[in-house]
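What follows is chain A paired twice: with chain B in the first complex and chain C in the second.
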Partner chain A sequence: MALLSVITGRLSQAFLLIFVMSLVGFIGIHSVGNPVYNVVNIETATPEEIRRATILLGLDQPVWRQYLVFVQNVATGTFGTSYIYHQPAFGLVLDKLSATFELALFAMLVATVLGLGLGVLAGTRPGSPLDRVIVTSSVYALSVPSFWLSMMLILVGAVMTGWFPPGGRGLTANLLGFDWSFLTSDGLRHLVLPVLALAIPNIALIARLARAGTVEVERMEFTRFCVAKGLSRRRILFHHTLPNISLPIVTIVGLQFGGMLAFAVVVESIFAWPGVGKLLIDSIQLLDRPVVMATLTFTAIAFVALNTLVDLVYVVLDPRVRIST
Partner chain B sequence: MKISTFKPTGFKMPDRASYRQFLTMPNIVLACYVAVALAAPLIAHQNPYDPLQVYGWEASLPPGTEGSGGFNYLLGTDGLGRDIASSIMYGLRISLLVSIVSALAAAVIGLTAGVSAAYFGRWVDALIMRVVDLQLSLPTMLVALIAIVTLGPGIDRIILALIIVQWATYARVARSVALSEAGKSYIDAVRTMPLPRIRIIFRHLLPNSIAPAMTLLPIEIGHAVALEATLSFLGLGVPLDQPSLGSTVANGFQYLMTGQYWISLFPGFALFGLIATINFVGEDMRRIWDPRSRSI
Partner chain C sequence: MKIGKHVRPIAFGAGAILMGLFSVAPADVVAQELRIATSYKLMTLDPHFANLNETNSLLSQIYERLVYQDEKLEMKPSLATSWRRLSETRWEFKLRENVKFHNGAAFTSADVVHSIDRIQNLLKPPSGGYQSYVKGIKSVSAPDALTVTFETNGSLPSLPLFLSSIFIVSKQASGFLTTEQLNGGTPPPNGTGPYTFKNWRSGESFEVVRNDDYWGGRPSWSDVTFRIIENPAARVAALSTGDVDIADFIPARDVPSLKQRGATVANISAARLNFVQFDVANDQAPGVTDKAGKSIPNPFRDVKVRRALAMAVDRNVIVDKILSGFGTAAAQVFPNGLPGTSANLVTEPPRYPEAKALLAEAGYPNGFNVVLAGPAGRYPGDLESLQAIAQSWARIGVGVQPLAVPFSVFNTKRAAGEYGIWYGGGSGESADILVSALLGTANSQGDRGSLNYGKYSNPAFDEMLGKAQGIEVGPERYGAIATATEFVLRDQPIIPLYHFDHVFGYGKKVATYTMHPRGWTTAMQAAPSTEAK
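Moving on to the complex of A and B:
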């Protein structure tokens, strides 16, 4: 029952969110520039050609009718045809999806493992030199702008040492109809730098949360009781401390993962990683409206879906949520 | 001696705050940053955006080269022959201006919206908070992208976009504090007096709900610096003739592969240092004003 009410509540909220998002995004992208000039050759086009291209793209219609056409296209699952690539916009997004997805997944894996490890390490020794080093460096890691971090990773990891390639996806292998880089050793080498660029700020974020949680839990009666009972440190950590600090960490992992599908924009453009974010930036600059809308809608859906998933994980992880809803 | 001076109770220095506790390392570094930004026209060797002062043929010189302007390019020059050190100082001005103005404006708007939502309740509350929820449930970067694409390029536009991105956080915090304040008896007391609502909100409710939101301010300024730099880096932020730190770093990106590291390294360090300093200052401020949130 609890699961069902969480899902229905979330879904109705999600639909509203996606609807408003699409409306705002639509009006936004339609208030800038005229995409016709990116479709026709601006130097040689006659006014007649421009007029015909405008009609062909449906840009002569009033905005509300264009929105209706857009909704119709969403319903049929194509999101309209790209002005530039002349392919269904949603297909374009799907093509890029696997690249963004594997990047975000690996970054989050690295961030969760390292962040939890460092956080627990610091949290079990509050006030120690190690704790102070971890807390202070986490502030630095959270402050570094992601585009500069990416550039410095290229400088050190690619230009100066030549250990890793500076950009691109490398060789990919096909699995389940999508191309994946992590299946080939060349692709893995290409993954290292962008994954690091995305993971480093998240390691800091998760480490801070884990540290705060651990400090709090270690102070509680039940931990002292566990110690008094003679349980090993390892058992206390894995069976009592970690489950109790897991909720905020699951939240932040979900949020950050969703954010990465959008925020990877920066890292993707620097590492020339052909993902959804790079597609979005390129399409914005080319005024390719259907692709922009498809990407925005997709990102919003992915974000909402992840938030819902996090809520569901709550229900599984925390018995109190199960009872109260 | 005046006995009954009314003072808002919410926002004040802690009683035992000797001013020495503000002489911390992050505060001093931040003050230096601000001083350099303010004094840039006086201490910079050249105005990098005045073509008459730039020697175009001295492009991409490594750090320490003597230039024909009679000064040393301490941090080298960029691809157009502009002195990197001067570019940093001038870029700092734009970055600080944009982030401070937008964070302050967002704070004022967010606080007013949040406190109004708490005071009026009902449909005002529902309306404002739905918008806030909606916005906070999306990634900041996405909201910023949509806003800046809609508004177009320019310094005033990017400030506006940052305000749109940031106001919701203040609104949510201010509302939750104001809700508990609004239930207290001093608000009941002023409500019985023939005062206009505006006065009750701005003179009584707002000052008492301001403290937690103020601790947000430095953190949000740090966010604003980073966000502005990112948007400028993507070519969506400040215009080319008024580069901020972010767009200065972006200019150096294409030279990175050929080993001309100094064009992006030094402005990036300045930017990174600025954001880190603001974050450290923010953490100190929060520790002083809001002792409860010490743990994270």
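Moving on to the complex of A and C:
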């Protein structure tokens, strides 16, 4: 029952969100400029060619009619045809999805494991030198801009040492109809630097959250009671501390994962990683409205789905949520 | 990206170890693979879809044209071995023998007819770019398997030039292939070129392999992979680490560090122009005010004002400082020496006092204020040029507010007439095409004035250019075009600024890379090193 109401609530939210977002995105792109100048060769095209291209793309119609056509295209599932690539926009997004997904997934895995580990380590030893090192370095890791971090990773990891390639996806292998880099050793080598670039700020974020949570929980009476009862530190950590600090961490992992899926633009551009973020920024630059709209819609869906997932995980993790719904 | 002195030996050490590792591998296999980092995004596999360098450059590995425009912009035989004009409106092209398409079919005149027909009759805009090349063709016929006859609407001396843009596709028994079919890859792209299609991912990569049956001899590389990397810093990084063998369009500021890492850099003056253009038609030019900020009648209608502004531009600062020497100061539309350019048009150093006097003579002793618009990040040195011009013009009393906007926004606003004076760029297959696009009066056929957003109109020049373009390709025609250019530039309808250089970098595997002024990136331009063979 709880599950059902969560899902129906989320679905209606999702529809509203997508509707509002599509309207804003549509009008926004429309007001930036005319995509027809990116479709024809602006340096050689004649006014007649521009006029004909405008008609073909449907850009001579009033905006509200263009929006209706767009809604129609969404209903048929194609999101319209890309102005630039002349392919169904949704197909283009799907093509890039596996690249972004594996990048985000690996980055989040690394971030969660390392972040949680370091955070708990620091939190159980507040004030120790190790704690101070972790806290201070997390401040640096969080405040470094991601383009600079990416450049430094390329400089150190690729240009100076030659350990890893500076960009691209490398060899891919096909699984379930998608191409994946992590299935080949060459692809894995290509994954390392961009994954690090995405993971490092998140390691810091999660470590800080985990540390704060641990410090707080360790001071609680039930922890002291556990210690008094003679439970091992290990048992206290895994059975009492971790479940109690997990809620904010699950929330932030969900949010950050959504953010990576949609907006890893900087990292994807610098590492020439052909993912959704790069597609979005390229399409915005070329004013390729169908692709921008398809990407944004995908983003909205991903965020809503992840938030729903996070809520469901709450239900599992926190007995109080189960009781209140 | 700078590297401290103490780390360099380490990097070189690692490089040496890596090189050692590679030399163990069978050299033959490794050496014949070519990896190119390109900024050109291949948008479609349809060779007739959009006339953009992006597509043309990459697809020319697979498809060929009847005529090839070489790096001196001269017409050379490709799929056609010779051509001649039978009469005012009739041309005969003799085709190359023993040419095969990648699927094994023989190349014949029927394929040429089919290709022209496909552009004229199947494709709808935005594949418009090629339609302007075939507009002048009334009919194409194939008297025999290796002869094609073109019937043109009126005299068309530029026909070979136009055909140097059109890729020849194979005739299908089933009729025309649609763009969707070609993009889907079934059937795979089928041309006559030196490389055959292997794989394509939009916005990601493009792979071709050697066509052993190529009519022009065995191509140099067994496998060629183009990696689409739009970010220039990422292209430079890929080349510096040896991840690719060639990187195109290198920013001038990265050249020294690339050379230091052992890469070779090649450059050529681009067959294109960056310029300042004026609104010369309207009574009021947007963004132009007097020193007090009140709007004034359009000053650019006065040739003295235009000349004064041209006199006060320091092109050498732009070329030396902004482009780091990778460019040429411009006095006409193409770099001097290319067909249709004039040796009489040379750049001059700025003459500020004279410019100021001329401005006073025109009625602006105190100058005026302008908003100088331009695209940001579209051409090398675009944003910085706006600032350099602002500084120069300040010396003659003209206050400049530079306004740099994204290219797509710039195009929309320029077309809507929202700018009074702007910085722009233009290119073309030949000097006369660019000069007529920039300065010709827009006409009903639409072959003139497509870049003439300033609405400049000079009937005497239009007539001179028209006559020149009617002359057979050769020195006489080029001379007439040069004379017409000299004539029109005396009126200073634009201020030519510079021709930037195309700058390419390549690694050890490549011996030479033949640069093309139109900025093409192909495997055919790269010759392998002898030791790599």
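The criterion applied here is as follows: the second predicted complex is superposed on the first by the 325 of 325 C-alpha atoms of A that agree within 3 Å, B and C clash if a C-alpha of one lies under 4 Å from a C-alpha of the other, contacts with A are read in each partner's own complex, and residues count from 1 in each chain.
Heads up, the rule we're going with is that a residue touches a chain if its C-beta (ideal position, glycine included) is under 8 Å from a C-beta of that chain, and two chains touch if they have at least 3 such contacts.
Just so it is clear, the structure is predicted and the values come from calculations on it, not from any experiment.
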Let me test your reading of the model: by the given contact rule, A:V20 touches which partner, first (chain B), second (chain C), both or neither? first
Chain B versus chain C as contact partner of A:R208, first or second or both or neither: first
- Message: Just checking: does A:Y140 make contact with chain B only, chain C only, both, or neither of them? Give me first, second, both or neither.
- Response: first
Is A:L296 touching anything from chain B or chain C once the two structures are fitted on A? First, second, both or neither.
first
Request  = Give one of first, second, both or neither to describe whether A:H86 is in contact with chain B, with chain C, with both, or with none.
outcome  = second
| said: So in the superposed three-chain picture, is A:Q285 touching just chain B, just chain C, both, or none of them (first/second/both/neither)? | reply: both
Applying the document's definition of touch, where does A:L130 land relative to chain B and chain C: first, second, both, or neither? neither
Touch check for A:N307: first (chain B), second (chain C), both, or neither? first
- request: Examine A:M220 and indicate which partner it touches, taking first as chain B and second as chain C; both and neither are also allowed.
  value: neither
Chain A contact set shared between chain B and chain C covers 32, 151, 154-155, 159, 166, 269-270, 285
Within their complex, chain A touches chain C through residues 32-49, 52-53, 55-57, 83-87, 92, 95, 151, 154-155, 158-162, 165-169, 269-272, 274, 278-279, 282, 285-287
So, in the complex, the side of chain A touching chain B is made of residues 16-17, 20-21, 24-25, 27-29, 31-32, 139-140, 142-148, 151-152, 154-155, 159, 166, 208-209, 212, 215-216, 258-259, 262-263, 265-266, 269-270, 280-281, 284-285, 292, 296, 299-300, 303-304, 307
Touching chain A in the complex, chain C uses residues 1, 3, 7, 10-11, 14-15, 18, 41, 43-44, 46, 49-52, 124-126, 128-129, 131-132, 179-180, 183, 201-204, 227-231, 233-234, 237-238, 240-243, 272, 406, 408-409, 411-413, 415, 425-428, 433, 437, 442, 446-447, 450-451
Per the touch rule above, chain B residues touching chain A in the complex are 134, 137-142, 145-147, 149-150, 152, 222, 226, 229-230, 233-236, 246, 249-250, 252-253, 256-257, 259, 261, 264-265, 268, 271-272, 275-276, 278-280, 283, 295-296
